[in-house]
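Reviewing the structure listed below.
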Amino acid sequence: MKDTIRSLDVARIRQDFPALNERVHGRPLVFLDSAASSQKPIQVLSALDQAYRTSYANVHRGVYYNSERTTDLYDQAREKITRFIGAPAPENVVFVRNATEALNLVAYSYGRHFLQAGDEIVLTELEHHANFVPWQVLARERGIRLKFIPLTPQGTLDLARLDELLTPRVKLVTFAHVSNVLGTITDPRPVIERAHAVGAKVVVDGCQAAPHMPVDVQALDCDFYALSGHKMLGPTGIGVLYGKTDVLEAMPPFMTGGDMISSVTFDSVTWNEIPVKFEAGTPAFVEAIALGAAVDYLAALGMDAVRAHEREVVAYAIERLTEVPGATIIGPTDPDIRGGALTFTIKDIHPHDLGTLLDREGVAIRAGHHCAQPLHVRLGLPATARASFYIYTELREIDALIEAIYKAKHTLRK
Amino acid sequence: MKDTIRSLDVARIRQDFPALNERVHGRPLVFLDSAASSQKPIQVLSALDQAYRTSYANVHRGVYYNSERTTDLYDQAREKITRFIGAPAPENVVFVRNATEALNLVAYSYGRHFLQAGDEIVLTELEHHANFVPWQVLARERGIRLKFIPLTPQGTLDLARLDELLTPRVKLVTFAHVSNVLGTITDPRPVIERAHAVGAKVVVDGCQAAPHMPVDVQALDCDFYALSGHKMLGPTGIGVLYGKTDVLEAMPPFMTGGDMISSVTFDSVTWNEIPVKFEAGTPAFVEAIALGAAVDYLAALGMDAVRAHEREVVAYAIERLTEVPGATIIGPTDPDIRGGALTFTIKDIHPHDLGTLLDREGVAIRAGHHCAQPLHVRLGLPATARASFYIYTELREIDALIEAIYKAKHTLRK
Amino acid sequence: MEDLYRENLLDHYENPRHHGTLEHADISHEESNPLCGDRIRIDVKLSEDGSRIAEIAFSGDGCIISQASASMLMDEVDCKPIGEVQKLERQDVLDMVGAPLTAARVKCAMLGLKVLKAGLYQYLVDHQK
Amino acid sequence: MEDLYRENLLDHYENPRHHGTLEHADISHEESNPLCGDRIRIDVKLSEDGSRIAEIAFSGDGCIISQASASMLMDEVDCKPIGEVQKLERQDVLDMVGAPLTAARVKCAMLGLKVLKAGLYQYLVDHQK
């Protein structure tokens, strides 16, 4: 199988990313923070620019050319994303600002409508705050119990514990497809099957998966899938909530206003059809159009090839980092179950100091708790360093990272 | 006073708007739908492009150069908007997707926390769905009563009725600063004073005001002010909720997730400070930066000059339309109290037919209920036609509109 | 421009065929598009054996596209077997209109067909066929 | 690069001045920055009349910037009148550090001052001065 996967022509890809040619503090930029937000190819920048420059107008219901044309582009973008994630139809693709809004939408609209006191929600110890705090708030407000799938010492979900967690009171199960800290790739399929077996709905936080590997929401059979456009070559301000038709139709709207109603009087209101029912007001339609260009770009590379490339990069990074004295990798070290985010610590160097020192060498990594404080408490670490990769990452950038770490150690005499 | 106002150099301004040079159906575009969404100047397009092309990274907490720089630009944008609307400090400026989200945020966070059964909300008969449906939903959910400031036959708010509406049960008063259908400019100050006198908070929907005239939220003394960036030269996907410090601080968050928390454990959470408390997840920071460029552009023109220009255009449009047989102007015909949106009907021509026929002449207007169905019910009209203006609108475009209306009448033999 | 509002369409608008209401109709159905205020009512009398449209009429108000396409639809379905009428589709209406319609206006053109089909459907359900 | 992590700063980090805790302190206060795990505790003994700092010590853990700037702060305030210490500001700490700090790291540098000021403030409130 492996050799049938087209591999990426990274040198060619890098030419599409103007921001990668920069110098920082006099050094060539080595951008290793794509898990926070990816760089954008000129194809996306030009989709943005063209949408404003050519026949721009607000979408929906305009009876004139510009508005018709922009509406068409917007609809096409939704179709592209529908195909990209394997959704059955565009009606299953709700545009939101980011994954955080997608998850809040589910917590507000599904959670507050279908969950009640005594119900239980199963999540995991490794969630990003975006897939943790909304449930925590809901749980307190409604007297719902949160239960956590614990981690194995390797940093994977301890699914042996799942059956005991999945009581009939569990109404919702949610987890990150790929962890933004541990990098752990969880195969969603078995978890979803077992959750469905007890009648629970399943929400998958796909923020770190959709940009990096093939995703087919119908094959997964999840009820909801959340992603952020800015992490997958798209602009800021746009994300997607996928939902199954029957669930979306049963849910009340979240925000209300223009476009999402079918008709309203002083006394009554009827909602529009899905997905528009969940898109109140003027949507971020130019961002949606540009996200369409981003998934075109990714689809042309092939998501299998994207994943194969990142697997290679992360394998090399694990290998190189392992040789650095005092380095500890946080999370799985098997590249088969590790996405393109490598979190680590260096003995006696605080991650913030490391981040600052690496920056001076042009190497951009993230330091902190990566919006996963509960996980860091479990790990017993206040903060960690994270280097994360994407389609444009070259192996020589891993070398630059390792060099910069040695240099930091030298500077700090560690 | 009048002659001290710089007037706009419209020919010069138009050079900054590439989309205005287009042809539609072989005719030069006459874009008269800025109330739905405005065109964008190259200054804004280039701010967008540069933010992605140069040192792009996610904001907040990155310890490396790109992230610091982008965070700086983002903070500067908030400061620009703070100055533009006369807010006391950046902490009073919450970034949202659009005015609709701003109003929903208030309805969810303020409304569900501070209002209860038996309370009353005063709004008006002319509201956009964005400032109507969220209150209708809240009212039903909580047993709150909605009361409406009626309209005078001229299409202004009948403020003589305000005192009888303002009982001590009224906890919230809300109204559009400028109506998107009637164009009516309401002076917010006296309404706000009277509402405050009974202890009610005041929410102003500034969607059609902020782009078109000077706004000083501190002088108005409103508690909340909502606006959309895409109607004021900015990109889609970004809007602003202004709120007073004490009110924002007292409110619980709306959406939750990354960045808006100060710290979180498995059992507890503390929120971040305002305004970040209300900005969960990766914000639309590039859009915010570009909105900063948009308000720079407007501030450089001077909002007094912008208003003076639009007053002139709307006065001319009223004059020309009045001479068309069968034309009826909806709303005030006094340009002193009419913003740059002119709504009308042509006897025996359905607005949709008119819209389609005008489009064939290159003239883009909006036809429908403009997301104000309850108002249209009051007016006894299912739909109306609306031509709306902005800083780039020329008087000759009004002439083109009138010509096209005559031609439509001829075609339809009316 | 005359491609859309051309003679045929305008003629149907100004001289709508089968316009009015029918007394003792077998089917009477009305719907409106709240967004633009287009409203159409259709009355149908069926043949003795209930298999064909014997008489049909429409009334309503709204834009030219909605009213003219309803008039064209009347001409098309009058005296036709119900089975055939049920097979009519979006494209058939677009063909009747015969001029390019933008997406926002297609809804207007479809209102007549939507009303007719909904009325027929309800009739068949009620009569257990 | 050495502009930031230069000798002086590293020296304070490796050989922190006034490091430790004080028994029978008049003021003991601790705070942490949950975002990065920096933690600092400061103990103060005041002079007989309560007007000056007689003895001071800090402990804690975290990044170099937070720990070194706390150490520098100790040197700076030791034996100073309380009134003067209360006047210390953000810029004073930045001057002590003496190297350009990016916004994200300024917070680290300020933790020591924050703890000291909060402790002093609480003491003054409790003693009604």
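We call the chains A, B, C and D, going by the order they appear; numbering starts again at 1 in every chain.
One rule holds in what follows: a contact is a pair of C-beta atoms (placed from the backbone, for glycine too) under 8 Å apart; a residue touches a chain by one contact, two chains touch by 3 or more.
All figures in this text were calculated on a predicted structure; none of them were measured in a lab.
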Least step count from subunit B to subunit C, where 1 means the two chains touch: 1
Most distant chain from subunit B, judged by the mean position of its C-alpha atoms: D
For subunit A paired with subunit B, centre-to-centre distance based on mean C-alpha positions, whole Å: 32
Interchain centroid distance [CA atoms averaged], subunit B/subunit D, Å: 48
Whole-Å gap between the CA centroids of subunit C and subunit D: 82
Residues of subunit B whose C-beta touches two or more other chains: 25, 61-63, 65, 67, 263, 352, 356, 367-368, 373
Residues within subunit D bordering two or more other chains: 34-35, 102, 104-105
Graph class of chain-chain contacts, one of line, ring, star, complete, other: other
Chains touching one another, given as label pairs in label order: A-B, A-C, A-D, B-C, B-D
Subunit C-facing residues of subunit B, complex: 25, 350-353, 356-357, 360-361, 367-369, 373, 381-383, 411-413
Subunit C-touching residues of subunit A, taken from the complex the two chains share: 61-63, 65, 67-68, 71-72, 262-263
Parts of subunit A lying in touch with subunit B, wherever the complex brings them together: 18-19, 22, 24-25, 29, 31, 33, 36-37, 39-40, 44-45, 48-49, 52-58, 61-67, 97-101, 103-104, 128-134, 136-137, 148, 228, 230, 235-238, 255-259, 261, 263-266, 269, 280-287, 352, 355-356, 358-359, 363-368, 371, 373-374, 377
Residue ranges of subunit D touching subunit B (in the complex, touch as defined): 34-35, 102-105
Subunit C residues touching subunit B - in the complex, by the definition given at the top: 1-2, 4-5, 10, 14, 34-38, 62-65, 102, 104-105, 108
